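One chain, chain A, links the two complexes that follow: it is found with chain B in the first and with chain C in the second.
Let's look at the complex of A and B:
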């Protein structure tokens, strides 16, 4: 089995399983029966597809398990069972188990680990309870009989609730591949061998595939057979074994006695000959009665219509298509199945057609676009220097295009955050049950787009914060009732854009944080000193310090005290910030602010000393000259009066230790400029030597050597080839804020 | 290098190639396997708030490469930029990541074959250079060649650790 195919199977299965999870979680909320049925149908289809695919790879563990899940779902669909809460939980667990199984298989292990086996058994036991409790009909038996037919042919189609046929004989449909003779096989010997298993009632030769004599190749086999076999004691496996040597090359369908009509429908569908003709052959050889044939052909048309209406047409169409393809090319069952899966995938949602692209290729493209941006900046610089009007116009056009290419390339990596948010539904559902709290998760801004790499990295910290909100935030129903709040707690996940960054908020309407508790705890842990004055923000910031946890009890959800500082570190490593606001008794809001992308930003270029710096443009509010009229009452305290507002500022020259070299120059003639920067509601001025204008900055990380450097978030290469440094504005603002509080309060604030 | 003198005959076979260069009047050697390229000295962008021996970064065909001033690192004196000042670009391994780092030197000399047998262990009593930085001494034409231990000279952990010593806003 090629690894590639397996990889596709694993990815496919993962997608399907996450769909299943979604469907299951939706079931939970639904009281409307019609919608519940839709959900069950979705689930059934999803599990069925997994089963089919797993069958192709001979992953028996997955097939067997999925089959049982599917059977239970089938019962629900038939109305024999009712969905209830424990059942949904069981399905969720089964889904997880399948996920593990798929991973297990993908990791290359052949044997199940003891742990997996045990889960397998426990889950199967619970699932079987449902199966047995439902009234057993003859049909159910046939189903379980017919079910392990996963090894037989290319994929299985959704089994429908159709009646069984009258014939109590086996039906074998054979289409030998063109290479059978060449491989040294004789079709006749297989049929002769069937005598050892049972009595042949009829053998019908299908010679439709024989071409005209001019194209006839005497070494190729064009024969097909429809065989009716009387063998009441045989089982399917024995029959399959007969054809083991030719199964790769041939199309073989083996239908057990009293198979359901839809098995025939499926078989007919897969056969290359015309449906009507096959129907007649089947009647002639005694496999079907005339009436059954008509039913089947009708059912088939109906099924096609049904499925088309469902938007699930591809499940039928490509199969038919492929059966034809397979006549011509050597039928590689696995490849064909993958093709089918891909077709299903692409057509599943025509409105959102997607293709899978290797992440590395995408990364490469983005890198190249980065180089392109740098290259074009260089060209622009030179063209401007030459002063050729026509060249400049051409350059202008080129630049505009490059900018578009840049935006499109970056857009490729953007994905909606909704999918990530939806994952937490499950977390909330389970966590609220574990804690005995009634909690609903509200999601808004699910369509907000964010860089894929960012989303991946933010998932874990978010998970932690959501759990925290449930565990520590929301109070128990009793306390909520006492406090006059609705018993059902709310956790809200929100995402929206704000001045070039994306903000993700986790809002709960729980008990909020007690400032006193935080302060006491911080004192106890030695994070602050007695008598220290802290603003609200600073108090809440303490929560994100290492080793800080206010929970008095440790639950299995959170409270180990390693969480929040890790969350903060993770977010900061993404050039983001996290902040917490809380009103005691009312709830807590945690805001995570992240840059939109990690690759390219619009920057504002300035000069400090001899070096060039870039300030992210979306944070720049305005630029002004620093002169005496601005210089307010406190020059030493470093703030100016900006149209009646107090604006703290820093001399970047001092911050970056470039003072000595430029001081003389500055006193002689230089007038300083202030770049007013705003971020997360904070405003401050950076005093720089010179304003140089806008620049598209391709962010080049500083690398490991500078991993601990604060205040610089990266570098970029200018059109001239020089390296410019990107100022970490949020970090700077934070420092300014910290130092201005230091100025006001005598106490020293820990950072 | 404990195995140096074990079997001279055998060791003769695999001579290592070393790039020799001059720095502050001393002759140094670097195992050529670590070296990616040698470029002419070009303008270095300083990075604020970093230790003195990190000169800054250069743009090496689109990637930003940090440059270490060897003279600063060894003796605390800035390299005098002259006509023959060069930057040797090395690749250093750090947790399976290959990191490029530049090294400013006064003058690059030549590539020499040096047999392991000709290398003596670093003297325990170092003079100007921290003995940690030396992997051995080789005698070439009556002169001593100091072979540098790249992993110690350019230890990423050490370089990045010093970066955060300074860096508070001056009041």
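Let's look at the complex of A and C:
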């Protein structure tokens, strides 16, 4: 088995398993039967597909296990078992086990580890309990036959109230469609193939459909078969699989051994030939005994009489009859066939929607696009220098295309955050069970897109925050009732875009944070000094300090004191920020702010002294000239009056220690410009020497030596080959804020 | 493929003997049917030899079945006189020996 195809299997299985998990978690309201049945059908399909794929690779451990799960699901579908809470939990465990099995296989191991084996056995035991308790044998049905449950008003024979036939063999009834030959298929090959599954007791060719010689089209297929197969160990799917390629234009009925009489009734009815003749054929080929045949035909007559008595037209059109029939008793066979088609269709649709691409290739592409952007900036510069009008027009066009290519390439890495959010449903479900709290998870903004690498890295911190919310945030039902809150607690996951960032919020309606507790704890841990005055924000920020934990007891979920500072570090390593707001008694909101992309940004290019800098364009609100009227707002030059609003600003010249202006510049009465930047609700102005306009910046990370440099988040290469520094606007804003509150001058970047 | 109408066909005794050779499959079936059709009203008894078949498929068997049914409805007869291995195999698979009356050619 090649690693490539195994990889594909593992990925596919992973997708399917996460689908299964979702379907299971959606089963929370078991009282809604319609929805439950839909969910079970989804699950059945998913597990079935996994089984099929695993079978293809000969992964017996997975096939065997999935088969049992599927059987239990099948029983539920047929209405022989009822889903309950423990069963859903068991399915969830089974899903996890399958996940482990898939990983195990993918890691290249051939033998199951002892641990896996044990889980396997335990789960199989539990699953088999369900299988055994279900009334599946013909005898059990026969017993219930005596019970008067003729509920069906039209007098149709329902699924449960008929005895089964004595024949212990499979009966396959085939009517091939007219195009079978033209489609390059030969019925003989199917029959020959059946030899691989069991022994053919009899094959009866039905040629009744062949018309007279003059009307006979020799290229059309008129053939039908009644086959009796001895295959005690086969299952229905194996048999259905044989006819997979012709199922679309053929009538196929597959009746398992000891099928109920009414299955035969239905089958006979659906066959185009005369009932009597089919009856005889079935007797001849050993599917039915003479007596059974008579009973069936009688039952059928009775049914027709009943229908007539009910006011139906005495002559029943075959089509109408089938419809009536289907309405009352949905034939399992047809059901299964439709199911199979759906599976195939779903797979086909999915494959049209997505292509799996190696992440490395994508990364490579993004890198190349980065180089392309730099290259095109260089070309643009040169074309401008040459001043050739036509070249400039062509260049414009090219630049526009490069920009589109860039956006598309970056867009390839974007995935919706919804899937990640859905994972937490499981966490909430389990955690609420463990803690005895009643909690629901609300999700909004699931369609918000985020860079795939970001999503992967944010998943763990998010998990921690969600657990925290459940463990520390939401109170126990008793306390909630006491406080007059709804007993069911809410945790909300929200995602949305905000000025070039994506914001993920975890909101709970729990107890909120006690500032006093935080302060006491911080004092105790020596994080703050006695008598230190802190704003609300600063108090809440303490939570993210290393070694801080307010939980008085350590629970299974959180409270080991290693959490929040790690969460903060993780988020900051993604150039993100985390903030917490809380109202005691009402709840807590944690906001994570992350940059949209990691690789290429639209930047606003400015000049300070001799150097050029880039401000992320999404954060730039507006640009103004710093003139005397503004200057008049504040003599110290720390803020201006911007249309009635106070706008603090910094001179970038000071921050970056740029050289003094030359005499020439001073003579030219140079006027400074202010770039107004907004981030996370805060606004500030950066005073620069010159505005140079938009620039696509490919972010090159700073080397190790400069990693701790404050105020600079990276570098980029300009078209001219010069290096420009990217201003870390959030950091800069933070600095302006602290310097204005503490009344100090803005700090200088250490060069 | 060919449908050979054997020499010695005798209108007076109403016997017509065909040999089908080469391919007797969906690809040739239309042609064979058309050729056969020209003779059906001329004779009473038909014999078909499949000895020189190279290939036969279910369409071939179906044609033989259709022919048998048609002739029977006109009180005429059809007899398969010789069989290639693959024809034999397919007829066995479908269990239609009896329906395609199989016997020895009258002339022999």
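Going forward, the second predicted complex is superposed on the first by the 474 of 751 C-alpha atoms of A that agree within 3 Å, B and C clash if a C-alpha of one lies under 4 Å from a C-alpha of the other, contacts with A are read in each partner's own complex, and residues count from 1 in each chain.
By our rule, a residue touches a chain if its C-beta (ideal position, glycine included) is under 8 Å from a C-beta of that chain, and two chains touch if they have at least 3 such contacts.
This is a predicted model, so every value here is computed, not measured.
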{"item": "Which superposed partner A:186 touches (first chain B, second chain C, both, neither)", "value": "second"}
{"item": "If touched residues of chain A are counted for chain B and for chain C, the larger one", "value": "B"}
{"item": "First (chain B), second (chain C), both or neither touched by A:735", "value": "first"}
{"item": "Chain B partner contacts - residues on chain A that touch it in the complex", "value": "371, 374, 610-612, 650, 654-658, 700, 702-712, 715, 717, 721-725, 735-736, 739, 742"}
{"item": "Chain A - residues contacting chain C, complex", "value": "181-182, 186-188, 191-192, 202-205, 207, 210, 212-213, 216, 218-219, 221-223"}
{"item": "Touching residues on chain B, where the partner in the complex is chain A", "value": "43, 45-50, 54, 56-59, 62-64, 66, 94, 97, 99, 101, 156, 159-161, 163-164, 166-167, 169-171"}
{"item": "Of chain C, residues touching chain A in the complex", "value": "26, 29-30, 32-33, 37, 40, 57-59, 62-63, 65-67, 69-70, 73, 90, 93-96, 99"}
